[in-house]
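Naming follows writing order (A, B, C and D), and every chain is counted from residue 1.
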Amino acid sequence: MARDSRVFVMGQGVDDARGMFGTTLGLHREFGAERSFDVPLAEDAMTGVGIGAALMGMRPIQVHQRMDFVLLAMNQLVNMAAKMSYMFAGAHKVPMVVRAIIGRSWGQGAQHSQAFHSYFMHIPGLRVVAPTTPHDAKGCLIQAIRDDNPVIMIEHRMLHNVKGVVPEESYEIPYGKARVLSPGKDITIVGISHMALECVRAKHLLEAAGIDAEVIDPVSLAPLDISTIAASVERTGRLLVVDTGWLSCGASSEILSEVFERIGERRHFVAKRLGYLPTPCPTTKILENLYYPSPQSIAQATYRLVRGAEAPAWQPGKVDSAEVAEFRGPF
Amino acid sequence: MARDSRVFVMGQGVDDARGMFGTTLGLHREFGAERSFDVPLAEDAMTGVGIGAALMGMRPIQVHQRMDFVLLAMNQLVNMAAKMSYMFAGAHKVPMVVRAIIGRSWGQGAQHSQAFHSYFMHIPGLRVVAPTTPHDAKGCLIQAIRDDNPVIMIEHRMLHNVKGVVPEESYEIPYGKARVLSPGKDITIVGISHMALECVRAKHLLEAAGIDAEVIDPVSLAPLDISTIAASVERTGRLLVVDTGWLSCGASSEILSEVFERIGERRHFVAKRLGYLPTPCPTTKILENLYYPSPQSIAQATYRLVRGAEAPAWQPGKVDSAEVAEFRGPF
Amino acid sequence: MEERSNSPAARLYRSMYLIRRVEEEIVRLYPTDKIKSPVHLSIGQEAVAAAVCDHLDKTDVVFGTYRGHALYLAKGGDVPRMMAELYGKVDGCARGKAGSMHLVDPAVGMMGTSAVVATGISNAVGAALALKMQRSKAIVVCFFGEGATDEGAWHESMNFASLRKLPILFICENNFFAIYSHVKDRMAGPGLRARSRAYGIDAELIEDHEPMLLHERAGAAVAAVRSGAGPRFLECMTYRWRDHVGPGEDRIHQYRPDDELDAKIEGDNLKIVGDLLPGDLRKSIEDAEEKRVADAIAFAEASTFPEDQEIYDHVFSG
Amino acid sequence: MEERSNSPAARLYRSMYLIRRVEEEIVRLYPTDKIKSPVHLSIGQEAVAAAVCDHLDKTDVVFGTYRGHALYLAKGGDVPRMMAELYGKVDGCARGKAGSMHLVDPAVGMMGTSAVVATGISNAVGAALALKMQRSKAIVVCFFGEGATDEGAWHESMNFASLRKLPILFICENNFFAIYSHVKDRMAGPGLRARSRAYGIDAELIEDHEPMLLHERAGAAVAAVRSGAGPRFLECMTYRWRDHVGPGEDRIHQYRPDDELDAKIEGDNLKIVGDLLPGDLRKSIEDAEEKRVADAIAFAEASTFPEDQEIYDHVFSG
């Protein structure tokens, strides 16, 4: 924001004392109320306002506290932002970033916990990034701000408190470049957003069973770096895609389909998808715990995929997902 | 509507002289203005109104002239209709039908031609049907009206003028039962909605190349009858899914993924997806013709899948899709 | 005694006292992590739901928001099942699936709440449409915060309700804030009454700290709606004492002056109504409600958590 | 002559005549199927776009709807490129990708149109926000039909524009109908001026058949907005002669009385303005515009269709 005066941040509560889980804290003091401002509860029109400002050469960053609310803005994002460059044959561009936060924490229930990245992956004209590490989050955001196209940045609430090394200087994370978080030879596990972290934990659990998993974080979902994933599956012969979302028509089905179209004819492999259970999210913690994939359930699914359905039962060890376990209310 | 006084129809223009492409013509005269009425341009609230009426025991049928406008109602459909039964643990039900029409005809451009069935397939708690034949359209609609759950009925504009045998009496088309439109042994072609028709035409073209395709119409997309499709692929060893929509995170990726998860381990097969090109829909007819899969492009893709990439080039014959070719404006 | 204890003030006090005490217990219990879910408290705002619902029959239906404890209780929702719901237990009003944000009790016309702002408004309008089609005498009351009126859904809903002259009363609980954002930073123009009237809907504003006047005006509005006069709109000024979400105070965030909050707490509506009652009656009401609260908590404590496989139940009806 | 031909009436007539004639040519050409795309004609409604745009500079920007020919032409959009666009040719303003419903010409501030009702309104507000942040002297004018005001997006946009005192003029072309649905069946209450004022936005209504008054009031509104007074709203009553979509008449659908339409055609605004001009001037304007129209059609006919691979262009910028 310091180097480009066209950049501004808008969203409900971006300038309040909580500063969007701390991510926008103090921006309004540093850059003035004109460049970081609160908006009325009007997701549809505020998205349209962002688009309109972008058409005039500004670079708005719009923030949604919960991705669930972005459903109110689908028309502007899909019918307008995604199509303007095309519909007007390049006469317009829409350099806008939409930060959409996945609301999992505890007891958020059915309407405050959803992830709709697949909705945006479905649409030509939108870019979708879902960084996991703080390093990638910074680079993706910078890249998104500098892009001349609308970018949906998926942020998982549980990742906001995860620490990691972040270089001081400015850098971009290129689109369509997956990150091999941890190499391995027995199976390729693709973990999206927060699930990448859970997959790394599952990998450690799997070591006890003698299984060496490769964990890949796609980082950017559209475009998708299918080459890196397919090359890995070509080596391991097995693919597990773990999404922080539902399976049906989800990112996991896209990844599986693309890998299969790419290498299925010449390389036999097995695959499975894991994600939210096919239900709305229940509020009570005891059911909510079952709803989300965990290091244990990921390890278990991996074990079965690698050893086969007839293999003797195996119990993964215990590992705590600190950012989940340490969460205490209210929000 | 005659047998159940709780049923009513609402939507922009349902009672006007064009009667939603003729599908609601005269209903307001037969059942009164209270049971078939026009509404303001307010897709979000009108969907909420339908849901609220359904909560009170009514059975609303809401009609959208273009599925593109349903993006304005995503919040009500996904956050409310789909979740009420679950969130309230069965205390509520939402017996509502949403008819969403895919607007392809000619020169409809980027905002009047989209298909979002995959958006609804993504959501637990919604049923999605996409009948192709007039026979199935009637049965699906009756089934949807009698269902206690929200049902999204996908109707392709190009199918409204297609004729077929429709029994007089009332009957339901069960969910999750795919229809084998035409048996064959070399490849399984799954065609969704209008594409089922185009796939049958492609099948005839393929006869000239000595290829015998099986064409399956899933009819209901959620739940999906994956058994019928998988059993067919198990026989043919080849799968082509042709969607009237984009591929990424679309219905075609879901079908491919489910078939692969079901039989991939024991049965080697090849597969490909076909659908809208990965662009917004261009208006000019010359590009629009390329945008949609056609009997020729389906036949061509099938040929390559069956004969392999190295097979000699083959030109499918010509066949007219009457409902497309005969369309003349304005709408 | 019969009559005294059934006076408007007595009824109002009973309802408000129950709400206050249930929420105070939630504040007390929250640090134990027995309630693993966000809570949005109505402490300070009890008068609105209590005054309006006092005029409603069981067959009248209400729609509310995530800040829904007060409405659930005022409409006669089952107290033990509410507490069990907060605990995430099987005896909760939605077997633990709803939590604090989605309370429901159709048996008494509490139709449920939504955590997405303004989404229940059009549902309420739809319910009113259904009641009208069914030639019912019942009416709908739709509760929402002033923040919800920012949303397009409010505009569309008001317009349609007026167009069809539906039996619905809109109650805006204007507590000045949407989270920490002041209404004056979100709403342009002369205010909600002007907006309502621009839809052809009669509107009235009732200031805070006038609980008995609120009760009276709510009664008049309910009667008008029930008579078939079409929708009515009441803007009820009120004030939230606690943080937007969670059990705590929020002075630390400095988005509102401490003395503004202090003055509101000083002018407590619960006390205003309580002071109208004879001491013995007041005491007997308090004792009875205390017992209900204690019983509800005991019930919640004793209830069990749902079995794992329940997670798959209720995705579809029937 | 210089001065005469630059009088408000002359300018208005030139603009309206061009619009009328372009659309009449579309009516004539449509049955040839050279225009393979829906068209929404403004015949009868020319005065609004023409009168408002006459007060705008090239740097001022406008947003419109699928019924956008009039606006495109009034704002000075390139006529040959518009015709080529309707023909789906490469020399179209969007190389055939837009068609009639998405006309665009940023060089003259025609920012484009949307086929989804009301969606351009918030984009226009965003453009006004940008102009304000950029300390620009330019303003935004946002055109929409009365049907668009049904949508929540209108409410949210009006509120935000007023809240931030943005340099935007809202122009509602109230032609009574959304397709075949009459405004009285969709809009409750006293009307759009009351609604605008409820957002704190000054509003005015101009009746049909007063093109010069419309011109004057539009000028005043543009000046007010440009002076930094914040948004203004003009409700311009008007009437569509042709069918909602397509080149034809629509009397057969009987949704409006024939004599209502006849009276409107009788009181043709184009004639009203034309009659204000000296005969020779009028003739010279007509001749010049006829030539522009003919040239534009010839240009469109001569242009070629895009190559197949163009379908993949412009999905992303840069």
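Here is the rule we go by: a residue touches a chain if its C-beta (ideal position, glycine included) is under 8 Å from a C-beta of that chain, and two chains touch if they have at least 3 such contacts.
These numbers were taken from a predicted model, which means no experiment stands behind them.
Averaging C-alpha coordinates per chain and comparing to chain C, the farthest chain turns out to be D.
In this assembly, the C-alpha centroid of chain A lies 36 Å from the C-alpha centroid of chain C.
Our note on geometry: chain C versus chain D, Cα centroid distance of 46 Å, whole angstroms.
Taking each chain's centre as the average of its CA atoms, chain A and chain D sit 42 Å apart. Contact with two or more other chains is made by residues 39-40, 42, 44-45, 68-69, 72, 75, 79, 86-87, 109-111, 124-125, 278-280, 282 of chain B.
Among the residues of chain C, those touching two or more other chains are numbered 97-98, 102, 114, 116, 150-153, 156, 159-160, 163, 185-187, 315. Taken as a graph of touching chains, this assembly is complete, with every chain in contact with every other. By the touch criterion given at the top, residues 30, 33, 35-39, 88-89, 92, 96-102, 114-118, 147-148, 150-152, 178-181, 185-187, 243, 245-248, 252-255, 305-306, 308, 310-312, 315 of chain C touch chain A in their complex.
Chain B contributes residues 44, 68-69, 71-72, 74-75, 78-79, 82-83, 86-87, 109-111, 114, 118-119, 121-125, 222, 246-254, 256-257, 260-261, 264-265, 268-273, 278-280, 282 to its touches with chain A in the complex. Across the complex, chain B is touched by residues 61, 63, 93-95, 97-98, 102, 104-106, 111-112, 114, 116, 119, 121-131, 133-134, 152-153, 156-157, 159-160, 163, 313-318 of chain C. Across the complex, chain A meets chain D through its residues 8, 34, 39-40, 42, 44-58, 60, 75-76, 79-80, 84-95, 124-125, 127, 147-149. Contact residues of chain A toward chain C in the complex are 12-13, 16-18, 38-45, 68-69, 72, 106-112, 277-280, 282-287, 290-291, 328-331.
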